[in-house]
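Take a look at the following structure, please.
Here the chain labels run A, B, C, D and E in written order, and each chain numbers its own residues starting at 1.
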Amino acid sequence: MSLPEIAFALLAAVAVVTAIAALLVRELVHTILWVAVFFVDLAAIYFLLEAPFLGVLQLGVYAGAVTILLLFGVMVTRKRIFSREAATGIGPVAVALALLTVVFVGTGLGELPQGEVTIRAYDPSTLSVNLFGPNGAWLLLLGLIMLAAVSGAIFLVREGRE
Amino acid sequence: MTTLGPTGFLALSSALLGIGLFGILTRRNFVLLLISIEIATNAAILNFVYFAAFAPSAPLGISGQSIAVVLVGFAATEVAVGLAIVLALNRAKGTINVAEVTELKS
Amino acid sequence: MIPILSLVLATLLAGTAVTFLAGSRARWAALGTALAFLAEVGFLFLGYPGWPGYNGAMVPGFADQESYAWIHLYWMHVNYTVGVDGISLVLILLTAILQIATVVYSWTESKRPAAYFGLVTLTCLGSFGVFVALDVLLFFLFWEAVLIPMFFLIGYWGGPRRRYAAIKFFVYTHVASIVMLVGLLALVFYSGATSFDFASVYAAARGLSPVVQVFLFLPLLFGFAVKFPVVPFHTWLPDAHVEAPTGGSVLLAGLLLKLGGYGLIRWAVEVLPVGFAHVRPIVFVLAFVSILWGSVLALSQRDLKRMVAYSSINHMGIVLLAIGLGSSLGLLAAVLLMFAHGIVSALLFMSAGTVHHTFGTRDIPSVGGITPTTPALSTMMMTGSLASLGLPALISFPAEFVALLATWEALGYLVLLPLAVLVVTAGFYLWMMQRMLFGPPRGIPADAHDVPTHEGVAMGLLVALSVLFGVLPGLLVNVIANSPVKGFPGT
Amino acid sequence: MDALAMAAPFAPELVLLAAALLVFLLDVLGVRHLEALGAIGTAATGTSLLLVIADLGFGPLGALRTLGASHLDAVPAPGTAPLYAFSSFGLVFQGLFLLAAFLVSLASLSRPSHERGAAVFFGLLLLATLGMLLVAIASDLIFLLLAIELTSIASYILVGYTRRDPRSLEAAMKFYIIGALSSTLSFFGASLLFGAYGTTNLYAIRASAGAVGYPVLALLGFGFLLAGLAFKTTLVPFHAWAVDVYDGAPSDVSAFLAGGTKKIGVFAFFLVFLGPVLYLRGTGGANPFAGPPFDIGPVVQVTLAVVAVLTMTVGNVLALLQREMKRMLAYSSISQAGYILIGVTIGTAPALAGATLQVLAHVLMKSGAFLVVAAVAGLGVGPLIDDWRGLGARRPALSVAFALMLLSLAGVPLTVGFVSKFVLFSAAVQAQGLFVWLAVAGLLNSALSVFYYGRVLKAIFFDPATPTPAPSGAAMGAAGPPPLGAGGIGYARAAAIGLIAVAIVALGLYPQPVLGAIQSAATHFVAGGA
Amino acid sequence: MSFVVVGLLGRRMPRLEWGGWVAVVCSGAAMVVGVLIGLGEVLGPATYVDRRYTWLHLAPSSGYPNGFSLVVGTLVDPLSALMLIVVTVVGFLVMLYSIGYMHQDRGLPRYYAELSLFLAAMNGLVLSDNLLEFFLFWELVGLCSYFLIGFYYEKPSASSAAKEAFLVTRVGDVMLLLGIFLFFYEYAAAGPVGSGGWAANGFLFVQNGLPFLQQGPPVATDPTILTVAGIMILGGAAGKSAQFPLHVWLPDAMEGPTTVSALIHAATMVAAGVYLLAVTSVFIGFTATDSLVIVAVGGFTTFFAATMAVVHPDIKRVIAYSTISQLGYMVLAVGAGFSMVALYHLFTHAFFKALLFLAAGSVIHAVGTQDLFKMGGLKKAMPLTAAAFAIGGLALAGIPPFAGFWSKDDVLASVYSTLGSHPYYWPFFLLAFFSVFLTAYYIFRVWFLVFSGDRPRDPTLPPAHEGPWVMRVPLVVLSAFAVGGGALVFFPGFQRLLLKGVGFAGSLAAGIPPAYTATDLLLSGGGVGLALGGLALAWWLWGNGRVAPLPSSTATRAMRNVLLERYYFKAGYDWIGGRGIYTLARAADFFDQFVIDGTVHGFEKGFAALSDRLRRLQSGLVSDYAAYVVAGLVTVFVLLLLVAPYLVGRFGGT
């Protein structure tokens, strides 16, 4: 087992564990913490995959902004922060469904070429050329989405003062 | 040059997807639902990044990373909108437990 | 050439619109429309071979045909194609007669008269359309177009259980239409017809294998059988008839049932002769069951309208039987019988309506001996009943006679069944007459008086017609017989 | 000049964007009259609609044409495929989207003028419409999904737009959660497809469909996409949100959702699944479960067919007993989606044309119906179907219009709903083989649907009015703003409803012009021209 | 010419009292014309005047290379001339009689209208030149009968009897219709005319200017069908002529005015059945089986009806049973192959039976009751009526030289002559022969009950008196016929009428005129003796106004009840018609409503239940919705990866 593989295995394990932990811990504030760890862990995986720009972005956007947003949401609705997660009625079914999905996706893996695959390394400049060049429309669209989201979100949140 | 087998990788991404789905199905707290969705979304992003390696050519592969970048932004935006809804809902109904927001049914 | 058929359609369309908007004068608008319609039908008749006074050569195929492109796509050509032959012409005449009769009968309708007369006119428009349409889609459109006004007529002006009846009627017939539509579409596409026109479908269907023909014929048969209605798809009919207002019942029994017969002849039997030939046993079984079932059930009814309704099932069973024979004699009988039944059942339903509002009930056992109080009504009722049970010199006789004759010719001793049922039919009519018309007066309100003038006029018209065509069936027969019988083996 | 020439084909989109920005700008500047902002929205959607029709090559509007005829249906050179392409089929759909937006925005001019947030309403409406237009020109999976997300996010907010109404917010919440889940699934599917094909360009995928290296991966990707897009299209069992959302959202927004945004899912289905349906033949691949190699195309078709039949049936069955008007309409909307899916399943030009016409019909019928519901709610009538009793006598014109819409939904002839079903099902029959059963299933379902439409008609026209008639516009006028014109409905809304009613009948009688355009577009689309 | 008759009678809208005179005048005119026609046939050579109009026509097509047409027309031949005389003469007399008899009734215009219509239809029937037209008028005649039986429609028994009459004859009609179909389909196609089959030929009695009967008996192609056809035609005749087992309606038909009974239910309409048999016997030549069946029906009915007449207390019903019985004689004769004899009896019977009815009517008119046991001693008050009744009775009983003797004797003699070759006829011959005794007994029982004695048994009866002249004249005229009608047979012209009428040349003409060999004389003597015996018994039992001559022992009482209840036939039919079929119909109705409609409702309920079940899934909890999405996703995978590949692999693509 090569070093990247060992690293990946570790990181993957951490990702899985943190993700599960985030969903299962009883207190929401702890959840946010676990999520933050999860995001950081993913960023590490991106670095491992030779996508440094993405890694940075993940750190900034997810581990930073999103986590803070979530924390903010938790704080504002704080009446419920420390409440126990309501008991779930469909737990076994949910597990079964999730597992089935995983199994089906897993079958797709059987087709992929097994063994080592070389990860292509792209430096951020290539990425930016692509991002603003031929695929610029994606970013344009993202901008529009943000416009809609921001204006809508502000409208929804502003309501309280009326 | 890093080399990495697809098996473990896709196992990770599908596991994350499964965890996300599981969360969406079982959690009642809106914020937890948001988190679950983010976990699943991250699985997709991971896939894009990884499959860049499988693309027939490098120029095609790079778009995988581009997509990942865009998706990260999109996911953040989505979370923002979700939180706006959480806040409004909390104000209107005094709860963010989706199990208590079941006025519309049958 | 005058596009006479389009002109008729336009007349009816305009008439419908004017009637809807005419407010309290709607009945005049409706009557005007009906009369104009009748005049145009007369014109059509004069131009058609077979009618006395026609001096042109007999034209095979359809007369007064018109065709305009309507929906032309790469893969389907739907046209507005109309035309008549003897079969449709006779039924169009029936439409015109019943329209006038219905309008006159309902002259004093006071509940939203504009809508009522508008819907009546619309129903007749639809029927006319069905009879002239020579395009699959056009046919289907008109077919369905009849449904909606009838739905409203039953549902708004009908009796106590009208809503249930209206929905039942609509759902039943709509389901049937849908199955029929599948059949028609399959007919077009499986035969590879170049357009939806009758001529094209007809020509293309020649090339279909017997198996395909059978499979195409069955949905069509089902679609038309519900309209007929054939037992066991008939249960919508008694409810619809009983709950419908009199005008609605008249149109329902007089016209709508004929659509089924006409459709079967035109779009199933003529187009798919081989399939028809294979399916004939089924047709016979259905027909026999209907004949028997209709009359036996009529026997057990207490409600006058319900009784007439079941007798309609019986009569339409004979029509189906006659069609099923697959001979030109049978076809003639079927068309004649449809015309006869249209007139007679209309008369009977009008009688039932008058009985209902004169005596406040249609329950046969609770009213009796009405003849001294209402001689005109009971005379006309009697005429209707006698005509319906196939008395000579009245309109049904020649039709039933030819039908039975053709049945014997084709089926031999099986004719015994419809023959025996004739006795049952006579039985329930006589039973009804004995109870209601004769005997000591029973359940007659003090203020009962004879038929109102307008109703009398309408019914009298039908009585006169049933005598006229009973004595001179040749008037119609020649028209029917001159329509080329398409699709029978050997033609 | 060059930039202008580059931008010209996007004129419809740009008009919308400019209008949206203008609306937000005016809002910031303090101009918050609903009428003013609504007029901008209406004008923008209207203009855009005209531009799209002009681009389709409609003669009289030739002068407005901004998209060169040569760009239309041009096949992009391999490898240089941009993220968007102008197909006439897409333009047709753009027209449909804009029609829905125009109608809703026109009717919304009659919303209560004291209402807050007109800017957000019209601005987001315009942005959502913009997203829809972009969907119709997408040629790239990610572009497509992002455009869908633009519409989705705008509509999440629109659903929750009456912020004080808990029902509205509940609807927004459910919409959001299921929407986000679905988008995640879509993106996951896209990632698998990216893995399987190495590209996200749909035309490239279509072209290389016959040479896919990992068919199971591809199938998984299509499966995820099916689930994700089915959310938008409200296919069973991905439909459950729709009922609650249409119910809880303001009726105008429901009209927009049912009549408008839902249709982007349809287009996305065409775009994504036509490839597999049409071209993934004989590509085979080891099936890890079932043994022998199989054709992907038929497999996808079978799956789509099952989903289509399921959708029709479940939608109809659920609508049967529904007592609330909006929920009934929602279920009927679901079943209509099933019909439309038949078109995709068959994948021939006639089927596509039929489905497209069905979309058009549904735009008219469903948005019309919800607009009427909004109007009737404005008259003080409750949400239950029983509350509508006797409306036929009180508001004959409105009732007749509504009846027309319902009859059209039921596929009764002389309405556009019939023509569309006719074309669609005749395409199914034409395709022969097992597809005939799809037509049979569809037709039987439309028969089933007659039950509940008939029930509504019965309530409106036959049943006597409820004993305590709800307060009419005049009574409300005392408390709120002065009663609206056109008998408490509002002129704009009345105009929109009238327009729809007329269109339903007109297209029912003579669909040739529209159908002609649709058929050539569909033919081009199936032929594979971009 | 004869259309004039029909036309004259067709114009029938008399009003009020003198409307009756209009009808009388019309029928008088018709009688004149009819008798003239008849005389023309009697005096001159037999002619066949046929006029035809196409009623319904199909042009030649592949199915019918010669086309297909139904025609209406009139045919005057000896047979119809004979009937024409009967119908118009009796018709006129009854009309005239009605003026007096019916004068106090409401609804006179209706009466005369219906009676005139009946006469018109009857003439039409007689003059028909084809079976279709025959059938048409046959039904019309039945309709008029229906109306006239139900003339007193307020009386439930009258309307019920009318319905019964219509229904029972309808059974016969249906059989007749089938008989017509059978006969022409199987037979005329291969018949002597054979120019393209029956479809082209229609139902004509006449082809190429000549009646079938002039063209010799044709060859049957399928004896089975011919047999069935014969039995079917017998069924029609049995219905109309009230033969067993379709006899039940005729006694009940006496609910109508007596005049109607006289005209329709004695003289004319009921005879139409015999006429039909006579006509058809000519051109289908009944097979041996047919003949046996006809003989059996006729012979049995003769006896059967006579027994019922023996005990009945209602004057009209007794005569009605007698009619049935006499019609039985005619049917018997036809069956034995002697149509002309049957017609002969028909001819005489028409007059004396009409006479009996009119005389009875006169009595009823006078005393206002039909119950024999209330009457008595009317001889003095109504001498003319008593005489007329006696003449009628004598004629009926077959006492020479009254009309009935000749014809009845002829019937018996001719049947007897066949016994050698057809031994199976023996029992029926004996029944018929013994019926002579019964006939004489029951009719004179009536006479003695009504006329003998000194006073009515029921003192409350009003004093009797003779009717006005319009009632007396017909009695006299008919008495004359009843006395002398039988002797007409010795006129060659009348003979020819009978012989030509049924189309047989001399060799087959046994019995016309009656040939009196030794055997025949013995037979006649025996008959007369039986009749006299019956007469004597009647006198012995009832001759002096006794009320109950016989002790009501259990045996006779039981038998009497059986007879009064008409062997329970009526009850049986009522049970079948009323209870049996009605119960069946109710059961069918139940099936219709709950099974057929129930199935439909079951679908509805099923869908509703499904809807309800599915609706519960819409829980309002968003997690559930998400679960559906994921479940859907999994389902899609199952479909895509498992089910669909299997299906596609199994069925080979779409």
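The definition used in the following text is that a residue touches a chain if its C-beta (ideal position, glycine included) is under 8 Å from a C-beta of that chain, and two chains touch if they have at least 3 such contacts.
The model shown is predicted, which means the values in this text are computed figures rather than measured ones.
K.L.:
Count the smallest number of chain-to-chain hops linking chain A with chain C, moving only between touching chains.
P.N.:
Steps on the shortest route: 2.
K.L.:
State the pair with the higher C-beta contact count; candidates are A-E and B-D.
P.N.:
Counting C-beta pairs in contact for A-E and B-D gives the edge to B-D.
K.L.:
By mean C-alpha coordinates, which chain is most distant from chain E?
P.N.:
Result for the farthest chain: A.
K.L.:
When the C-alpha atoms of chain C and chain D are each averaged to a single point, how far apart are the two points in Å?
P.N.:
So the centre of chain C lies 42 Å away from the centre of chain D.
K.L.:
If you average the CA atoms of chain D and of chain E, how far apart do the two points sit, in angstrom?
P.N.:
Those two chain centres are 76 Å apart.
K.L.:
Return the distance between the CA-based centres of chain A and chain D, expressed in whole Å.
P.N.:
31
K.L.:
Let me have the rounded angstrom distance from the C-alpha centre of chain B over to the C-alpha centre of chain E, please.
P.N.:
The computed centroid separation for chain B versus chain E comes out at 95 Å.
K.L.:
Residues of chain A that contact two or more other chains, please.
P.N.:
88, 90, 93-94, 97-98, 101, 104-105, 107-108, 112, 135, 138, 141-142, 145, 149, 152-153, 156, 159
K.L.:
By the touch rule stated above, which residues of chain E touch at least two different other chains?
P.N.:
615, 618, 620, 622-624, 626-627, 630-631, 633, 637, 641
K.L.:
When you check chain B against every other chain, which residues touch at least two of them?
P.N.:
Touching at least two other chains: 17, 20-21, 24-28, 34, 50, 54-55, 61, 63, 67, 70, 74, 77-78, 81, 84-85, 88, 98-99, 101-105.
K.L.:
Of all possible chain pairs, which ones touch?
P.N.:
A-B, A-D, A-E, B-D, B-E, C-D, C-E, D-E
K.L.:
Flag every residue of chain A that touches chain D in the complex, lowest number first.
P.N.:
Touching chain D: residues 104-105, 107-108, 110-112, 134-135, 137-138, 141-142, 144-145, 147-149, 151-153, 155-156, 159, 162 of chain A.
K.L.:
Could you please specify the touching residues of chain C with respect to chain D in the complex?
P.N.:
69-76, 137, 140-141, 143-145, 147-148, 151-152, 155-156, 162-163, 166-167, 170-171, 174-175, 178-179, 181-182, 185-186, 188-190
K.L.:
So in the complex, which bits of chain D are touching chain E?
P.N.:
Residue positions touching the partner: 173-174, 177-178, 181-182, 185, 216, 219-220, 222-224, 226-227, 230-231, 235-238, 240-241, 243-244, 287-292, 294-295, 298-303, 306-307, 314, 317-322, 433-435, 448, 451.
K.L.:
Which part of chain A faces chain B closely enough to touch in the complex?
P.N.:
Those residues of chain A that touch chain B are 2, 4-5, 8-9, 12, 15-16, 19-20, 22-23, 28, 31, 35, 38-39, 42, 45-46, 48-51, 53-54, 57-58, 61-62, 65-66, 69-70, 72-74, 76-77, 79-80, 83, 85-86, 88, 90-91, 93-95, 97-99, 101-102, 105-106, 108-109, 112-122, 126-127, 130-131, 135, 138-139, 141-142, 145-146, 149-150, 152-154, 156-157, 159-160.
K.L.:
Once bound in the complex, which stretches of chain C touch chain E?
P.N.:
That would be residues 231-232, 234-235, 293, 296-297, 299-301, 327-329, 332, 369, 371-372, 386, 391-393, 397-398, 401-402, 404-405, 408-409, 415-416, 419-420, 422-424, 426-427, 430-431, 433-434, 437-441, 472-474, 477-478, 481-482, 485, 488, 490-491 of chain C.
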